[in-house]
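There's a structure below that I have some questions on.
By written order: A, B, C, D, E and F. Residues from 1 in each chain.
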Amino acid sequence: QVRNELALANAQELINKINEKCFSKCITKPGNKLESSEQTCVAKCMDRYMEAWNIVSRAYISRVQRESNSQGESL
Amino acid sequence: KELGKFLESENARMRLQQSIHTFTDLCWDKCINKISNKIDRGEETCLTNCVERFLDTSLFIVKRLEETRKNLS
Amino acid sequence: QVRNELALANAQELINKINEKCFSKCITKPGNKLESSEQTCVAKCMDRYMEAWNIVSRAYISRVQRESNSQGESL
Amino acid sequence: KELGKFLESENARMRLQQSIHTFTDLCWDKCINKISNKIDRGEETCLTNCVERFLDTSLFIVKRLEETRKNLS
Amino acid sequence: KELGKFLESENARMRLQQSIHTFTDLCWDKCINKISNKIDRGEETCLTNCVERFLDTSLFIVKRLEETRKNLS
Amino acid sequence: QVRNELALANAQELINKINEKCFSKCITKPGNKLESSEQTCVAKCMDRYMEAWNIVSRAYISRVQRESNSQGESL
């Protein structure tokens, strides 16, 4: 259950960040409704943000592993 | 139990107020350029639309995430 | 008492935001004292921020009410 | 009780340090443009004034809010 | 004790995920200018380097602080 | 021990701020390694940030003391 709450918190944080970044990139002048061009932009932006999140995850985790390996060696 | 209910509703009130602070911060930066003697019609419309479109964007993102998950499973 | 603390926290947060936004808008080059022109600007900016806060509150609360009504209907 | 006093003073110390971090962040952005070999006189004055004027602004806002409340009641 | 271990590892996992959110936020602003149909090679390299260099900068700062402290004592 | 934790939290916060400010000022285009010119920039930036931190501390603490003195007088 702790793990579920964690996954939920993680998803929630990702949604918040996407919302913040993609609203600021795609809705420059908020109008009477969410235009279809704005929806397309948000959809694309959301996919790019999740791609970026994956790239960053891989880079960070592989770095953490390299650091802990080299620390093991130096002991 | 009454206390629990009271605290829960206070909690909801707090989250509501926190959201209002967050939206005012965000939409102030988007809609208010110079400080005049009163918020004019254009700025007022911009502020209202900013809140509405931000919430639309939230709903759109959550819906799209759910669809992606359904298609995957 | 809980409610009072809440109201206080809310007022405190509003003051912090006004401080941050209006300092950055009105005091571009901090001098030896708060000039009267800067005070006028802060006073105006503060009134505008509170107006904005009211407009945003109304918009958000009316949206929350509309959503909960339409959810009731769709059940 | 002694422990309570000690913890309270540590708490105050923590809030003080947090304020210093916040002001350094804010005034760094306002006063430091390029990184030179030393902070020059102009930058130092700007940093000091930035802290002072920010606190003046806080006091001004709180005072004005209180006056508004008094006039309303 | 088992529970303690479990909670500790969950804690580490949470901090890891929080770091990933922070880095994505920071490196998104540094590396992604316009939204295209896919993240291109240049953007991907920039994102990876951004994480690596940010961590290098952290290590550099901590190392330099420690040296300063050693020279002082 | 509480005091040690406080000092640690304070140092950690200072490191985080330096990291954030100096990375954004010195590493504009992150490359394959931290260039020596970037290291020089980070080292300088770090020294300036700590100088600024000291100036701000002095200004803030002296203001807090002035305010508490003048409050004492007015009583």
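In the analysis below, a residue touches a chain if its C-beta (ideal position, glycine included) is under 8 Å from a C-beta of that chain, and two chains touch if they have at least 3 such contacts.
Keep in mind it's a predicted model, so treat the numbers as computed, not measured.
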Checklist entry - So which chains are sitting against chain A and chain E at once? => result none
Item to check | Shared interface partners, meaning chains that touch chain B and chain E | outcome: A
Item to check | Between the pairs C-D and B-C, the one where more C-beta pairs touch | outcome: B-C
Item to check | Chain pair repeating A-E, as identified from E-F, C-D or D-F when over half of the contact pairs by residue number coincide | outcome: D-F
Item to check | Copies chain D and chain E - rotation angle from C-alpha fit, nearest 5 degrees | outcome: 120
Item to check | Euclidean distance of C-alpha centroids - chain A vs chain B, Å | outcome: 20
Checklist entry - What whole-Å value do you get for the distance between chain B and chain F if each is reduced to the mean of its CA atoms? => result 33
Next on the checklist: At least two partner chains per residue is the criterion; list those residues in chain E.
Outcome noted: 31, 52
Checklist entry - Which chain A residues sit where two or more other chains touch them? => result 26
Item to check | Cyclic chain order when read starting with chain D and heading to chain F | outcome: D, F, E, A, B, C
Item to check | chain B partner contacts - residues on chain A that touch it in the complex | outcome: 11, 15, 18-19, 22-23, 26-27, 29-34, 38-39, 42-43, 46
Checklist outcome for this item: So, in the complex, the side of chain B touching chain C is made of residues 6-7, 10, 13-14, 16-21, 23-25, 27-28, 31-32, 35-39, 44, 47-48, 51-52, 55
Checklist entry - Of all residues in chain A, which touch chain E in the complex? => result 2-3, 6, 9-10, 13-14, 17, 21, 25-26, 41, 44-45, 48-49, 51-53, 55-61, 63-64
Checklist entry - Which of the residues in chain D come into contact with chain C in the complex? => result 30-31, 46, 49-50, 52-54, 56-58, 60-62, 64-65
